[in-house]
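Chain IDs A, B, C and D follow the sequence of writing; residue 1 opens each chain.
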Amino acid sequence: MAIGTTQPLVDVQSSHDHRDIDITKVGIRKLRYPIELATRDNGPQQTTAMVNMYVSLDRSFKGTHMSRFVEILNEHRAALDIHDLRYLLADMKKRLDAGDAHIELTFPFFIDRAAPVTGQKGLMAYDCQVAAELDHNNKATTCFGVSVPVTTLCPCSKEMSDYGAHNQRSIVSVSWRCTESIWLEDMIELVESQGSSPIYSLLKRPDEKWVTERAYDHPKFVEDMVRDITAELRRDERVVWFRVESENEESIHTHNAYALIEEERG
Amino acid sequence: MAIGTTQPLVDVQSSHDHRDIDITKVGIRKLRYPIELATRDNGPQQTTAMVNMYVSLDRSFKGTHMSRFVEILNEHRAALDIHDLRYLLADMKKRLDAGDAHIELTFPFFIDRAAPVTGQKGLMAYDCQVAAELDHNNKATTCFGVSVPVTTLCPCSKEMSDYGAHNQRSIVSVSWRCTESIWLEDMIELVESQGSSPIYSLLKRPDEKWVTERAYDHPKFVEDMVRDITAELRRDERVVWFRVESENEESIHTHNAYALIEEERG
Amino acid sequence: MAIGTTQPLVDVQSSHDHRDIDITKVGIRKLRYPIELATRDNGPQQTTAMVNMYVSLDRSFKGTHMSRFVEILNEHRAALDIHDLRYLLADMKKRLDAGDAHIELTFPFFIDRAAPVTGQKGLMAYDCQVAAELDHNNKATTCFGVSVPVTTLCPCSKEMSDYGAHNQRSIVSVSWRCTESIWLEDMIELVESQGSSPIYSLLKRPDEKWVTERAYDHPKFVEDMVRDITAELRRDERVVWFRVESENEESIHTHNAYALIEEERG
Amino acid sequence: MAIGTTQPLVDVQSSHDHRDIDITKVGIRKLRYPIELATRDNGPQQTTAMVNMYVSLDRSFKGTHMSRFVEILNEHRAALDIHDLRYLLADMKKRLDAGDAHIELTFPFFIDRAAPVTGQKGLMAYDCQVAAELDHNNKATTCFGVSVPVTTLCPCSKEMSDYGAHNQRSIVSVSWRCTESIWLEDMIELVESQGSSPIYSLLKRPDEKWVTERAYDHPKFVEDMVRDITAELRRDERVVWFRVESENEESIHTHNAYALIEEERG
């Protein structure tokens, strides 16, 4: 074993590259990592994230230094703030000698929800994402995302049928960029309020009756879901870009119904 | 490159092993492979499978010969019959010098289904499995499996609510061993007949009305699904062992409701 | 059951919508479907696809007609040509009264590969994608994609170490738009030629020796993979846009190394 | 809405069932839940679990009470101890009027690992499982599981090749039942010590050289992995049953090599 010899190990990555090709993104993917998140209503929340980190690589460098991504993440771990990842990104740009830097975090976010009638509490888990970048002009952009399960009930089925109406679990995803921070909790609640009914992890019989009847009273096509949320988002001046998707896991088909609206504030 | 030298390459795997430990199963996993299946009502069907193949390995051998698994599969490909995999398994035992041999195939199986009112045709895909083994006494055992999506509608929700009832996509899986072959199609139809309603890939408005009302008229708990299928399977003398599972992708929760019954004929 | 009554069932989807919101995409997702593909060297190949189909929806319509997507796919099934999906897309636009239409197909594609020394044949499966759209001016655009597993061996590890070098399975994905058709087989072979070594499903001992030594002789960083493929794609005049990604499933980490280059012909 | 009426809502689940069929397991699946784990070397660790909970259901009951599973989990959350889940299971049996009770938890478990030469720290994530049951005689059984990524290097490739040797990420899974508690950390370290080399999340150049050479010095077939771990587990008197699996994500194939040994102490 050569460790301990006086010869330093060669740094292949830093050698000059002759192909004259810039790399758009290079880095690490699928690093699992425990993180702490600030919450709107309670103290910090511990959860587990999947992390991707990239930088651009100038044509003159043969390779980036992969271990530094993990080092930088370790150093910023204690103070990680999903609403302001600029310090971490600036560190990535500096220590990896890069024009721009990107980080993506996906994680389950837990909210304690009270059942609609009995008020019994149960934890709901929502898949969330944050993707932040700092470009070559040091302009920071952050895109947030939430995936929210709701019940949707088919208006056509209700209208045609003498009784009943098929309904299903729908996964409604909203991604957005904003001029000032929006709590994940606020966006999750906006989506839940637009479903035929919100979903809960703990429902007693009076709650189940309430959810059933609420869904029947508020039938929604997949098109209605994305339109009604779009109408809400257009009213929120902080939102400068958004994408709303609903994927309805149809109870009467094995394929899903799907709709998407993407808009940028003019 | 040393290819072409007269020295044969050493066969490390065949060398003697001194640890005195039998290996239960050794082989290959997650090999994707196109296969042809016989169908009950039409000619052969082309589909794509994920294949696992294992043998036991006696304590005296250092390793098995991985490439032979793929060779054997290639040779048997044209005549692969999921209802009789003994020739392939016997070949595995012989050429891999093994006490027992196992093969597992999972694949989508397509059936053309007519909508209940308009009769319009649409292809349904069902995830199916076959796991066959030939033991050290050359006794063959095959376990078949189908996963069938159906609609289930909650009896409790129907009973309590003034109108409507929550329903969902449920995945009902049946695994079985039998004394004589049962068509995958027959088992799929048995399961579909027991749902609150079968599922279709193509439904026009009169069909959707029929499916909605049929589900409302046939509410089923997850417990009812596995019990009603169990009652059917107990009546089929060919079935010597079975496991029935239903996983209901609840429209009112993000977790699933689940039930399982496993029985062996006495 | 009301079927057979003289009252026609109401068409809720066609009713007028007052929210004044266009929908970017609406349709079906995750429909599994058997397809037949033309191949470069042999006859047609049967495989199984996952299909998404969408149209845009004008603000004046309340909903699209989901069942028509499946009907149109059924009608075009026999003559489906991934290199020319315009007829299917035109049909979608017409029958769904839509400004633009989209179809996405993902499927395993099988190629019989000869081992490098012994010439033994084994089937390789490659994940492929086709995404085609027809816009409101009836301009068709198709994006193709292949995911190709190769071996990559780390140049830094080779350089520093007295012997050996860590290597891993890498998944290299290329997406492209082109002015004239490129066979999936051609792009797959281009990628395989750029790995430290191609990958095979069936290797005998002399082949395994060849693959091992070839990989050691051709070390490649994740950055080299995307740059070398980029150099090749720049030379192909038919390619007007491409994205090359390599995700290296590192044998020395649980996270992956990753690089991406995206370029549009000027 | 009928809430507030004096009529109590009917309890359909508690009604008598006439089919005379016991249900093996009924309950909830895929509930995501934050949990706290005791660790061997540090304080408690926060992580996120996927939870399944089941009870058996006697033939006389129509259904179980799904909401109680979530209630019981909520109540035991603060004091959840994966090494002793008997109180929770006893509560399930009692409140669900059941003969036996089962809980399954799967979660990432994080350990801070020092790189082998530089000693730099990096967090590794390991997928772990705990499955506990309390049977009709109130006998408790717990099965633990860890999935540990390691590097394995092919002895045959090393032996045949003039230089180099293919190696890969292998996922080694050990499940066990024991007479007294074994720390997850201890089992993870046992597995890591048996790989061609352990895996780290953060390696600097001297570490990477060490890992490369260590793997080349310790070649292991998939068969060696499961045999060497078996030899260790046979020596541990606390282990009464175990299953060892290694799935090698071959760098020279797209399928995986696999071996399994399962043994019960006689």
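Structural remarks
Keep this in mind: a contact is a pair of C-beta atoms (placed from the backbone, for glycine too) under 8 Å apart; a residue touches a chain by one contact, two chains touch by 3 or more.
The shown structure was predicted, so the numbers you read here are calculated from the model rather than taken from an experiment.
Interface comparison, A-D versus A-C: the higher count of C-beta contacts falls to A-C. Chain centres computed from CA atoms place D at the largest separation from subunit C. Work out the mean CA point of subunit A and of subunit C, and you get 24 Å between them. We define each chain's centre as the mean of its Cα atoms; on that basis subunit A and subunit B are separated by 35 Å. For this pair, subunit A with subunit D, the centres built from the Cα atoms lie 27 Å apart. The multi-chain contact residues of subunit D, meaning those touching 2 or more other chains, are 1-2, 9, 31-32, 125, 156, 160, 162, 201, 203, 205, 209, 213, 254-255.
Against subunit B, in their complex, subunit D makes its touches with residues 1-2, 9-10, 12-13, 17, 19, 21-32, 52, 54, 57, 62-64, 66, 155-156, 159-160, 162, 221-224, 226-228, 230-231, 247, 254-262. For subunit A in complex with subunit B, the residues that touch the partner chain are 124-125, 149, 151, 153-154, 156-157, 160-169, 197, 199-201, 203, 205, 208-209, 211-213, 215-216, 249-255. Chain contact summary for the complex, subunit D toward subunit A: residues 1-3, 9, 11, 31-34, 45-48, 67, 70-71, 74, 108, 110, 117, 120-123, 125, 201-206, 209-210, 213.
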